[in-house]
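Note that chain A is present in both complexes that follow, paired respectively with chain B and with chain C.
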Partner chain A sequence: MSRPGAVVEIDRTMPPVLFHHGEGVRLERLPVGSRVIYGPDPLPGLPHPQRAIRRALSHPIEDDPLPSLLRAGMKLTIAVDDLSLPLPPMAAPDVRQLVLQEVLELAAEAGVEDVHLIIATGLHRRMTADEIRHAVGDRVFSTFYPERLYNHDAEDPEGNVHIGVTEKGEEVTLNRRAAESDLVIYVNLTLVPMDGGHKSMATGLASYRGIRQHHNVKTLLGSRSYMHPPDSDLHHSCIRQGQLIEDAVRVFHIETTVNNHSFPSIANFMQKRETDWTASDQAAFLAVKQVTDLAPTHIKRQVFHSMRAPYALTSVRAGQVDAVHEKTLESVREQLTVEVEGQTDIVTIGVPYIGPYNVFAPMNPVLVVCTGLGYLFNLYRGRPVVREGGVAILSHPCRYEFDSVQHPSYIDFYDEVLADTTDPHQIEQRYEERFATDPWYRQLFRKSHAYHGVHPFYAWYWAAHAMQHLGDVIIVGGDRDTVHRLGFKCATRLEDALEMAEQTVGRHPSISHLRLPPLLLADVR
Partner chain B sequence: MLALQYVRSVPRYAALKATGGRPKLATGEFSVLHLGDVEDPRLPAAGWHQVRPRLAGICGSDLAAITGHASLYLDPLTSYPFVMGHEVVGECDGSRVVVEPALGCEVRGLDPVCARCAEGRPGLCENVDSGDLPVGLQTGYCSATGGGWGETLIAHPRQLHEVPASLADEAAVLVEPLACSVHAALRAEIGGDDVIVVQGAGTIGLLTVAAVRQLTSPRRLIAVAKHPSQREHALRLGADQVVRPDEAFQRIRFATSARRLDGRDRPLLLGGADATFECTGTAAGLNDAVRYTRAGGTVVAVGMPGEVKVDWAPIWQRELHVLGAYAYGVEGDGRRTFEIALELAPRLGLEALTGPLFGLGAYRDAITYALAAGRLGAVKVAFDLRNLGA
Partner chain C sequence: MSFDPLGDLEQVRRGFRWGETRPSTWAPAAPAVPEPATDLAWARTEPALTARKLIQRGVSMPFTELMARPHVSGREWLDQLDRSAIIVSNHVSHADTQLLLYALTDRVRERTVVSAADDYWYQEHPWVGRMVSLWLNTFPFSRTGKPQTVLANSGMFLQSGWHLLIYAEGTRSPDGRMGPFRPGVGYLATQNRAPVVPIHLRGTDRIMARGRSIPMPAPARVRIGKPLVAAPKEDYRAFTRRIEDAVRTLAQGPPDDAVRGTWVERWRASSPGARGRR
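Showing the complex of A and B:
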């Protein structure tokens, strides 16, 4: 039985608390009376993952067993989540590999020959051959890559088809190969409640025309939070699109969950509460701190990005999308949920070196906002951890640093768009169309490994709810000019940030620290 | 008279060139400048006037000559020793005047004039070694005329333009470089849908921004500026956008919806700016300009280039129109470039670009300051001769 999450109040005996700070870590002393929100310890993994996968495929939820859906001569497409999940990337064997091996074995037994595997990248960057190999394993890779194992191309005019329009007027598009298949099997990995369900196909195999229906400011402002699908317009829209897809093509959905064991043994201290740190944990912290304080950024980045998480498979289910996803969400919540009593004036968050959109790349300033105010702020159910008009204090170096291969349109977004306005509505109205249709971005998206031209807009919209909700955002340790360009305030030390925050929320504020890792979901009462 | 004279010296030129023209050497033991008493220039013919300079600017071409960076191409077009200074506002017969330095056929007393002068282009005169004067392209590069860095110079009536009372000396001293920029802006034949880049934001770059903004109507005018004060000036003078040199390709790509390819040495754009005014005269500036100007576009060399290494492959492959823009004369509408510049000058707040001012005696400091002007927040460093002989 793993230890549940907890909210711990800081007293005079408490050691300082760990903050992520980009490619580094910090220990900070929070004022006495502040509370630290810890996620639950990792759940134990399933003892026999392959057996669990086989059982899920042969005993699906509200669907026929997979073997009965497979037949010789059929056209089968298997879609797989891309490398935006899980974070950090999973140590081999990746859960996708385990599932694919079982599915392909069943397909081979049934005599299915026309099989294509598609990485459901949506508007994310194309995965490299090495990344695909890591996700699917050597055997699958060498058998199918590149002719029958490839990235979805959302900008291929011939490769995407119009499926229809939902009752709310949302256009639905789908990868042509998937749309013309007799069966589509989707292999998902759900790390947080935002993932999975109909969102998998409605975004992963769609084009800009389909994705823009819910990746917009209005929908995201109506998603409170998008980590709790029942309260999320984003998910309602994806469900409408997904139902239309289900009407058009036979879908068999496989969802997996992993625990929140995000760091290997060398950095295991990050997973543990500071009160549990042993002498060796403290030594490991000091070593990591020294290295990250002194080493050049590119070395630190290399070290951090080479870490593989020892996630363990905690559940696998298959069958009809909604039925499967409902159960999957129960597993995810079991792993992540921590009950939190009431909101506070201030929330502090250490923003790590990695987010969904910068695997093997620096976290550029736009992605700092996306990760801190998008993903991490939204790790709640019910109400945000911080009250309306409160202050979020993020810790990150927030340098002007971009990966020109992965994020070319992010550079222009930062230099051109944010120089004009940081208001999500204005940005959407004035600039989105241009970036989405820019031929250079399109070319880099299709032929190189760049995120779609519109992607920085989505990263910014992702934070729209937080920006609307908060009275102020302060970034500790950030580059001053960069932070100001983002529209926020900059502080050198946490103490200064807390002092500055008092000007917004008043004297003696209540403070919550979202202690990550491990990943958590705050159920705020 | 007191004057700052350029004295030709091959060993000094070689030493300066070999050491990269470092300011200490260029104004110290290897200096080609001599401050001292020199003979007043003699009037070569009837009708010529004596001008007493009030302010005289230090131009990029002057600095190139002083530091050994000037092209040897110019050597046979110059007579030595000469008093430097061709950006001049001075007094002549009780009036304030600016001097149009080009020494064409008319100034030299030649009749008939050469074909270029007949076109109204005395800067391109084919008789710069003939007539009443020794060889020399301009006042300030001719041994007989004197120059702005001395107490007196001489000028043909054709060279003199009266300065309106409303224009301060500090603005009038910029009329000559403004005329160069006006000529460059009109050379490029800019269309209303064009994206224009002005590369470099020293005096010529900033004045080219102003000239393009005042005389043409491009869709977007982008200035490439290195230093913060230059960026502010460029925006004030009419740039729609100012970018740093290290982000020029990225920003121009975005503005033109071009595509960018990254090469081993530097990037290139497929598409790009319709016209680029290259105002740095450096190899880096020229090589960038020919890579971010679109195929069939125009690159105007405005800043004086030296003997620099430029890759001609982009010029060849992109079928670029590479234009020189030297000096001034008569423009397409029949007006003299100086007249246009004098008309524009009062609208531009040019005095904000001038300073600090130095006396001739402090020429070492002046030259050193001018060589680092951008970094020090200055644009036009000039000599102030108003108190000489007072």
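Showing the complex of A and C:
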């Protein structure tokens, strides 16, 4: 049995604590009495993943066995999650490959000729051929790519259809091929509780018109947190859309979970609690630290982004969306949850080199906010780890650095929009429509590998709840001008940041450090 | 125990093919094609095979990768071959053969002989021809008469467990357009009941156009189609037309299922289980 998560109080015997710092790491000494929140150790993987997948397909939850749904002459569409999951990307074989192989084996047996595989990118960038090959495996790739294995195009006027409107007036759109299929099989990977369920189809195969119904400031402010679906307006909206989709097309949902074994053996020290570090872990840390301190940024980035996580499959379920997702969430919580008693005045977070939207790209300042205050801050259930009016201290270099291929609209968002205001409401009202409908961004989104023009807005809205909740945000080690443009404060060292925070929360504050990744979910009582 | 270093070398070389299913049921290594040695039998003896493998692995393949960045599709059909086959491709450049060898799987490449114009390679430039034989495993294929001898020799390769790579147009295209296929390829296939693997190459004319001797980098594409088998009473000329049509279809993308196989067929062809059963 793997060790559960823990909240450890810092005393004089505790070693310093690891902080991720972009493409680098640092050890920091937190004040005595601070607490460090560690996630559970990785759960053991399923001993026979392929057998488990076959069993899930033939014994689905509240649905018919997959073989009985397949027949010759039918139109079958298989959708899979894109490269925003899992993070870091999984070492081969990816779970999508394992599941697809079993599904396609059944389809071939049934003689289903008309099969299309769609990468459910939503408004994310198109995956490259190499990325698709890595996700689905050589065999699937060489059989289907490119005619029958391709990225969803959310801006193709012919390729998307209007499905209907929910009882709350939310428009629902869907990829035309999926909408016109006799059966849609969705292959999902749920890394955190936010993923999966109806959200998979409702965002992955939708267009801007459908996605904007829940990716807006009002809905995201009503999601506390979106890592806990019952308390998330975002998920309620997705469920309403998903139910409408289920009425329009037959969906067979497959969900998988992996453990939180996020780093390969060479970076084992990042995976372990500091108290468990052996001499070799310490040596590895020292080596990585020296190298990342000295090496040029692009080389560090190349090295970090080439890391593949040795995740292991911990569960696979198939069947009706809601029934499957409920069970999946239990598995995810089992891997991630750590019980935390009460909130603190300050939370510290080391923002790593990777987030869902910068795979093989620099984490630009907008994405630092999205990852730190959007995703990592929201990894809670019940209440945030930090009290209302408290301070979040992030650690990241936060350079003015953008990938012009992947993030063209982010550059203009930073230069033009953030120069005017950082208030999500105002940004939404004044700028969203223009960026979302800009023909040049649309062209880059459809033909190049750019995120949708509206995507930086969503990245910013993602942090809206944290910005509203927090009294202050301080970025340690960030570029001063860039951090100020984001509307936050900048500190050179953690000690300085803690002192600055005292001006907001008072003397002798209580401090929590979220030691992630590996990911965790703080269940705050 | 006899002293047989070449035999040992062959045993080791064949035994340790890492990362690939051992071709245990593959046709046993045939003896070198017997005399008369007009087909350069030495090029298929063990030292030459080993030297060729080293040249291919160490030099030719990385060079091809660098120059052409080849995009190869349909490789799974080669894994499906259970007997000697004729590999037929269009021909536009001297770079074609190396690119084709690159596109083949290791197992097929090592057992493939390449037809080379007798008059061009072996009569005009005999030493160059021999070097090319060592490098690419070519054999002289007469374009000017002696058809029965040529076809008989080629048939012997097929019967000895070798795959035969033939450019059915007979020469490189002067302008990149594919010319008509010569009927010899259909004749060979029907006479020896050998499957024919259609392949289409694109881009090699930009790497080394006809008349140029220095290669330049340019992207290339190789499409491998589903093996064709002559129907029981199919005329060899009709079968040749069918092969030509298949290569032409591969040229136009995306190829239709009749040529490259349905996804179900390709899926089964690429199954690791299918390879094991063979």
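Definition applied: the second predicted complex is superposed on the first by the 525 of 525 C-alpha atoms of A that agree within 3 Å, B and C clash if a C-alpha of one lies under 4 Å from a C-alpha of the other, contacts with A are read in each partner's own complex, and residues count from 1 in each chain.
As a convention for this text, a contact is a pair of C-beta atoms (placed from the backbone, for glycine too) under 8 Å apart; a residue touches a chain by one contact, two chains touch by 3 or more.
Since the structure is predicted, the reported quantities are computational estimates derived from the model, not experimental observations.
Asker: Just to be sure I read the superposition right, which of the two partners does A:Arg139 touch: chain B = first, chain C = second, or both, or neither?
Answerer: Touch status of A:Arg139: second partner only.
Asker: For the overlaid complexes, name the partner, chain B or chain C, with more touching residues on chain A.
Answerer: C
Asker: In the overlay, answer first, second, both or neither for which of chain B and chain C A:Asp412 touches.
Answerer: In the superposed model, A:Asp412 contacts chain B only, not chain C.
Asker: Looking at A:Gln443, would you say it contacts chain B, chain C, both, or neither? Reply first, second, both or neither.
Answerer: In the superposition, A:Gln443 touches chain B alone.
Asker: First (chain B), second (chain C), both or neither: which does A:Tyr400 touch?
Answerer: Touch partners of A:Tyr400: none, neither chain B nor chain C.
Asker: Can you list the chain C residues touching chain A in their complex?
Answerer: 73-76, 254, 262-264, 266-268, 270
Asker: Provide the residue numbers of chain B that touch chain A in the complex, in ascending order.
Answerer: 247, 250-251, 253-254, 257-260, 262
Asker: Show which residues of chain A lie in contact with chain B when the two form their complex.
Answerer: Chain A reaches chain B through residues 404, 408, 411-412, 415-416, 438-440, 443.
Asker: Could you list, by residue number, the parts of chain A that touch chain C in their complex?
Answerer: Within the complex, chain A contacts chain C at residues 104-105, 107-108, 111-113, 115, 139, 142-144, 146-148.
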